[in-house]
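Presented sequentially are two complexes of chain A, the first with chain B as partner and the second with chain C.
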Partner chain A sequence: MTDATPPSAGRPAAPRGLSRRGLLGLAGAGIAGLGLGVAGDRTVIAATGGAGTAAGYPFYARHQAGIVTPAQDRLHFASFDLSPGTSRADLIALLRDWTVAAAAMTAGRDVGEFGAVDGPYDAPPEDTGEALGLEPAGLTITFGFGPTLFEATDGTDRFGLASQRPADLVDLPHFPGDMLEEGQGGGDLCIQACANDPQVAVHAVRNLSRIAFGKAAIRWSQLGFGRTSSTSTSQATPRNLFGFKDGTANIKAEEPAAVDEQVWVQSGDGPAWLAGGSYLVTRRIRMTIETWDRTILREQEAIIGRSKGEGAPLSGGSEFTEPDFDKAGPDDAPLIDKAAHVRLAHPSRNEGRRMLRRGYNFVDGNDELGRLDAGLFFISFQRSPEQFSAVQLSLARNDAMNEYTRHVGSALFAVPPGARDGAYIGQALFA
Partner chain B sequence: MTDATPPSAGRPAAPRGLSRRGLLGLAGAGIAGLGLGVAGDRTVIAATGGAGTAAGYPFYARHQAGIVTPAQDRLHFASFDLSPGTSRADLIALLRDWTVAAAAMTAGRDVGEFGAVDGPYDAPPEDTGEALGLEPAGLTITFGFGPTLFEATDGTDRFGLASQRPADLVDLPHFPGDMLEEGQGGGDLCIQACANDPQVAVHAVRNLSRIAFGKAAIRWSQLGFGRTSSTSTSQATPRNLFGFKDGTANIKAEEPAAVDEQVWVQSGDGPAWLAGGSYLVTRRIRMTIETWDRTILREQEAIIGRSKGEGAPLSGGSEFTEPDFDKAGPDDAPLIDKAAHVRLAHPSRNEGRRMLRRGYNFVDGNDELGRLDAGLFFISFQRSPEQFSAVQLSLARNDAMNEYTRHVGSALFAVPPGARDGAYIGQALFA
Partner chain C sequence: MRSRLALPAFVCSAVLLALTGCVANESGPDATHATLTVDSSASECAVSAAEAPAGTVRFRVTNSGDKVTEFYLLGHDGLRIVGEAENIGPGLSRDLVVELEPGKYFTACKPGMTGDGVGKAPFTVTESGAAGEVDAALAARIETANSGYAGYVRDEVAELATGTDAFAAAYVAGDEALARSLYAPTRAHWERVETIAESFGDLDPKLDLREADLEEGQEWTGWHAIEKDLWPAEAEAGYQAYGADKRAHLAKLLVADTQTLKGKVADLSFTLSQQTNGAIGLLEEVASGKVTGEEEFWSHTDLWDFQANVDGAKVLYAGVRDILLDKDRKLARQLDTEFAALQALLDEHRVGDGFAAYTELSAADIRALADQVNALGEPLNRLTAALVIS
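Let's look at the complex of A and B:
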């Protein structure tokens, strides 16, 4: 736009599916100055299918993206409560609108037909604009349904969904040591937005929250940085704020049998609408990093059960060597302590239970004593919440790491399968 | 390390100045498994001088980095209060330790002689470890001194610095509309850590905070993402959370005359120790983005005085066209409104006053109504705080944008010049 005068009607139609990247190219060529409408088209256009950071991950797929797709570096997670007065029809309309918007944003397009760029002048822009000119940045948007969607805390069935409730979708048990804070858990709906640029993830949650205005509002939310796990063998193992590698033994996308057995809800596991989905657990785990940082290295490694540098099990080998829990040192004590995290969390000690972890580090300012409000926003995906609960119960009782952590937030969501092009997320639930 | 048994004494000395990048390379070659000490050496090693993301910005330089160096994408800012009982000698020791650690980290090395990797086993690691394997990511660390360093709130001169206090280093005035929150401003010392990877910025503040343990504690802190200004003509203008380009008219490093006139404190401006330094203002500006997002585009653009897409002034042209504040539209009203931000902030309306802005977007969760706690963490550098105060007074009185913003935090620091190799930050203050 070279002139501030609002353009008259009859502007050229927006090119279909023009990505932000495309927009940037046009701007460089001077075309953006000609008054072209440049935002995305509400018509549903599936992503090109070329997974990856530049092209984006396809939104319309058998499973939702953001689970076994490679973990990005940044997170904006938001839990929503539906507003009083929101009807079943409103809920369906919301999921439909969210689906269309998510498909557009994950493909690097804006939310509206006319986006933030040039009108219409007498309406609020349909897209808030702060992601204009940014890459899709590998954005994935993953939706989930909380237990209260099926039965409100007062026992009412607001949306006629009680009969569709999976038996497993009940509040997680109270674990020893839990110090859950009011308002930091639960929720009717959730959105996990992951990207390699935080502004792109924030833009997604903000615009989806805006679309929900009047129907649902954010209950709690969390930003994260520095993924604390790998979901692909192509990724290096990152470090959490204890300074240790995290996620060495995580389920990887390259293990399809384990993914099917441990992550995806299978036909027959429960109600049909959830087959191909998963269960998402979040735990906001505050770390007392100042205390940790004054702990001697020998003790840090004993607590984790791995070396700090290489991440090798203390029984020897390198990062990906299987731990030998029976191997003893010169003093006949096991090299991997009885209370070591790696021992207690290991599948061999948990009847084969594993999870796909996808958490993030967080720092949310500091407390009045000058200690960072820092820790791990734990996210795991599993075929049944019981996988998480059984392992967490063992950890909560015995893990030497508990001295340095405090679980302050907790939530569980059923994650429906992906939507096919033209459908909306969770549609089978309302059939 | 291939074995959990703590190594005996006499391990090979750590290679001097080995960067994290170097470490990563070694690990790939399998050498990290041989028990080599891999962390940085406390001996001061100046950065190579090759500015840029990969090589890092030189720490020892005439001016501190993080001011006119290209704005990175992520911020961790922390303000510290010195603890009761901290002496002048303790303060000097702290600044000396911070200098050495900052020089190491900005060069991509760890803090300690033996870092997080392999010992000594009976001491806490000197580096917390979460940045191992990460690139230097363009890290800059910039230190500043608050008014209370020179005179405590009770009027005492704790460190014998009252005679060295610059006349300009007094609390900023109260501006109309200020809604400053307790504990969200001020501070004796500050650290601005900027990097292109948030984990690298967080690692820096965390380790500097740890070094300060017992001497100083964090008073308040702020994470930010998505720089809201450019400090170099080589950078594209980014967007703030209003969705508008921000910083089009910012001072750029490529304007040395403007930098000298507006940013660096000159000899004769005040006490000699501050020549070559600057004044740093921070303002935590909460944006009511949910209200903004429901405002029509015409109104949004009228408030800013620029178009949302291109960022061109409403008087016409493209992004970098000078605004014409006298140009009127068909209705004889000026195309750029009398209360538009671009008009009120323009140097021509402020007797030539400019600032170098270096702020960041922030989202810190949400409030109890589900609104994002989001906004702009404003940072500006200027030769005198009066440059900021005069412009802010004009904005606070008249800016149409005030309806959508709330200033909740405020601080002022004197930023000393850079240190030469072997010296410490602010050394001339203690001469």
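Let's look at the complex of A and C:
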């Protein structure tokens, strides 16, 4: 997005006029910004119109895309650790290379000067090629910096960044019930690639990982199918694997004041380099769906606090009716249970704290008992990690849903603001 | 062992490289170059322009005929081959990228890949201030590298043959402890030149097949068949140690096949691209078989093989490094750094004259080695194109 307010709900900023193949052979000449206005004899395919699945979002913008951007259907998220011996200059070179590649891929172009098939015949192709012929598919690539980038777990300041570390960028606290698995959280750097075509999202992470070889390697990664939140009023509310609508009360792009207050780090909040950025929390939440599925509907709805079909709060109305937590039934018990998820997570019960949720469903095969390894890959963006921690602490203590969930992965990243054309992502951090 | 795709002979020979000073990946993202199209039909060889500015020129050759075709860029005498794109099937396109000095040239196509060709036409390269460099000394340096590597291969295979004799004798004599101690150091000579040995398609499976690679009914011979017999602790239940006859049979074949290999490498010589692709191939062996612990399934001496593959790749790289310094200094520096980093990691696992068993490595050790193989592999795989343009 070029600004906190998207150009129009659910519509990409500009449809791509060029196919992935359209720029082959240009060798970088005239490729700038959106890649529009390129001269030459290469094929230029007519604009596909505003169809959300076909078009893309500009990479160079005030804020990074992939936050208030209407949530795409697919996710490939990867966390990286920088390799031993990597220098500050190497890190900057990596961010520079990643920026150039991300700008190309989000515009639907191949990575590299020659791309997937037009390079020297005796060299490996620069681009891996599986996105040839595919549209940008709304691809966004969002980069983040983990706490260990600023100070390694042994306390060393590998990149001379310790003085630039935001006070808020510390490991999330241990929450009651956390069952975090070794190697499933944390990381020096992260990439969130979202697209409406899974192959486009995977292509992005694959090529960025390849560019990083020798400087950084994947620590953990996660594929997600099926967004579990809406980030725009133009989108229908999707369902999580419990079968319930999720993210009804999410911060939406159409609430610019809330986005500024709750999502973007403001100047004065901390180090200047992060102003216009955000904090990204990920939680890999395993759901014991087999147990959930044999829970009676009455209990399922009581746990969530909403009806399963419409998604209306149990206090009445329809999906977007504000829940009335005081409204009681004939037995004087509140219609929305004291331990219901919607009550505990609601801003009114959390001193106004909100976050922009952008999670995805996942199913990664099955465990040794034949149960699906399924759940929610929770992603939220907020101005301060404290917004997440306060709400999560309340949920971890009391949420009736905890019986069916298990938090196995956790990470926090500072998401720098967007890069202007010609700059690289996070450049202000290295000024 | 892993069979590799047999690549056709490389387009740009050492001589061509010397004559054209051609280079590949030097141009950065901001570089521009002329792109021309060539339509090779049954009777025509239509180039989109009859001239181009000096510097990097790309010919995109499309075969619109119904026979496999070739495109040639010839020198001013109409004979000397400056660059060629070959084996272009009907309907396919292929690029020829060359760095050209100002002067007179000819273009021509050869549908059917025989005869005099069609559509021979003059082609002019005009002054642009970006003339390609021609290094007359290159040919001599390439020849030095070629002969140096040929000598290395002969030496390694000779040592392999000598070591194999001793290993086989110990094995047949029932001195298993001695045979086990000779196994990995002898195989190192094989692994250093593994890509050459593998290029003899019939010898490689006889000498280096793993049990998992066997086809139904295929006789298992070579190093790994003996390896299992020497380290039977992890063999399947019911495994029977080989009898004296089988041991003698396997040992005799091992010695004989190694002698055959020795004879085959006696007169080998190598083009520049065969050398660079050899280095690339050796590191791929590391990435696919050694770092995973699959190669030495019974003895777990994978790190010996790992080091030997890297040794061979380093020798190949050292042979062409001077040339690379002229062509792409940045790539040379990167390869220097990554080779050194990989060696430093391997050195951490040295025990005496050899290495720790693969099974003694921690998951973190293996991950670090794998990451560094990736770190070296990405730049190394650009080596051929950086030196040899097609």
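Here are a few things to note about the model shown:
The working rule: the second predicted complex is superposed on the first by the 377 of 431 C-alpha atoms of A that agree within 3 Å, B and C clash if a C-alpha of one lies under 4 Å from a C-alpha of the other, contacts with A are read in each partner's own complex, and residues count from 1 in each chain.
Methods note: a contact is a pair of C-beta atoms (placed from the backbone, for glycine too) under 8 Å apart; a residue touches a chain by one contact, two chains touch by 3 or more.
From a predicted model like this one, the values you see are computed outputs, not experimental measurements.
In the superposed model, A:348 lies in contact with neither chain B nor chain C. Contact with neither chain B nor chain C is seen for A:291 once the two complexes are overlaid on the shared chain. Judged by the touch definition given at the top, the superposed model places A:85 against chain C, while chain B stays out of reach. Comparing chain C and chain B on the residues of chain A they touch gives the larger count to B.
Once chain A of one complex is fitted onto chain A of the other, the partner contacts of A:100 are limited to chain C, with no touch recorded for chain B. Once chain A of one complex is fitted onto chain A of the other, the partner contacts of A:232 are absent, as it touches neither chain B nor chain C. In the superposition on chain A, contact of A:217 is made with both chain B and chain C. Chain A residues 27, 118-124, 210, 213, 217 lie at the interface with chain B in one structure and with chain C in the other. Across the complex, chain A is touched by residues 1-6, 27, 32-33, 38, 74, 76, 78, 80-81, 116-125, 127-133, 183, 197-199, 202, 205-206, 209-210, 213, 217-223, 225-226, 236, 239-244, 289-290, 293-298, 300-301, 307-310, 312-318, 329, 335, 361, 363-366, 368-372, 374 of chain B. Note for the complex: chain C touches chain A at residues 10-11, 24-25, 27-33, 35, 58, 60, 85, 94-95, 97, 273, 338, 341, 367-368, 371-372, 374-379, 381-382, 384-386, 388-390. Remark: chain A residues 25, 27-29, 83-85, 100, 113, 118-124, 210, 213-215, 217 touch chain C in the complex.
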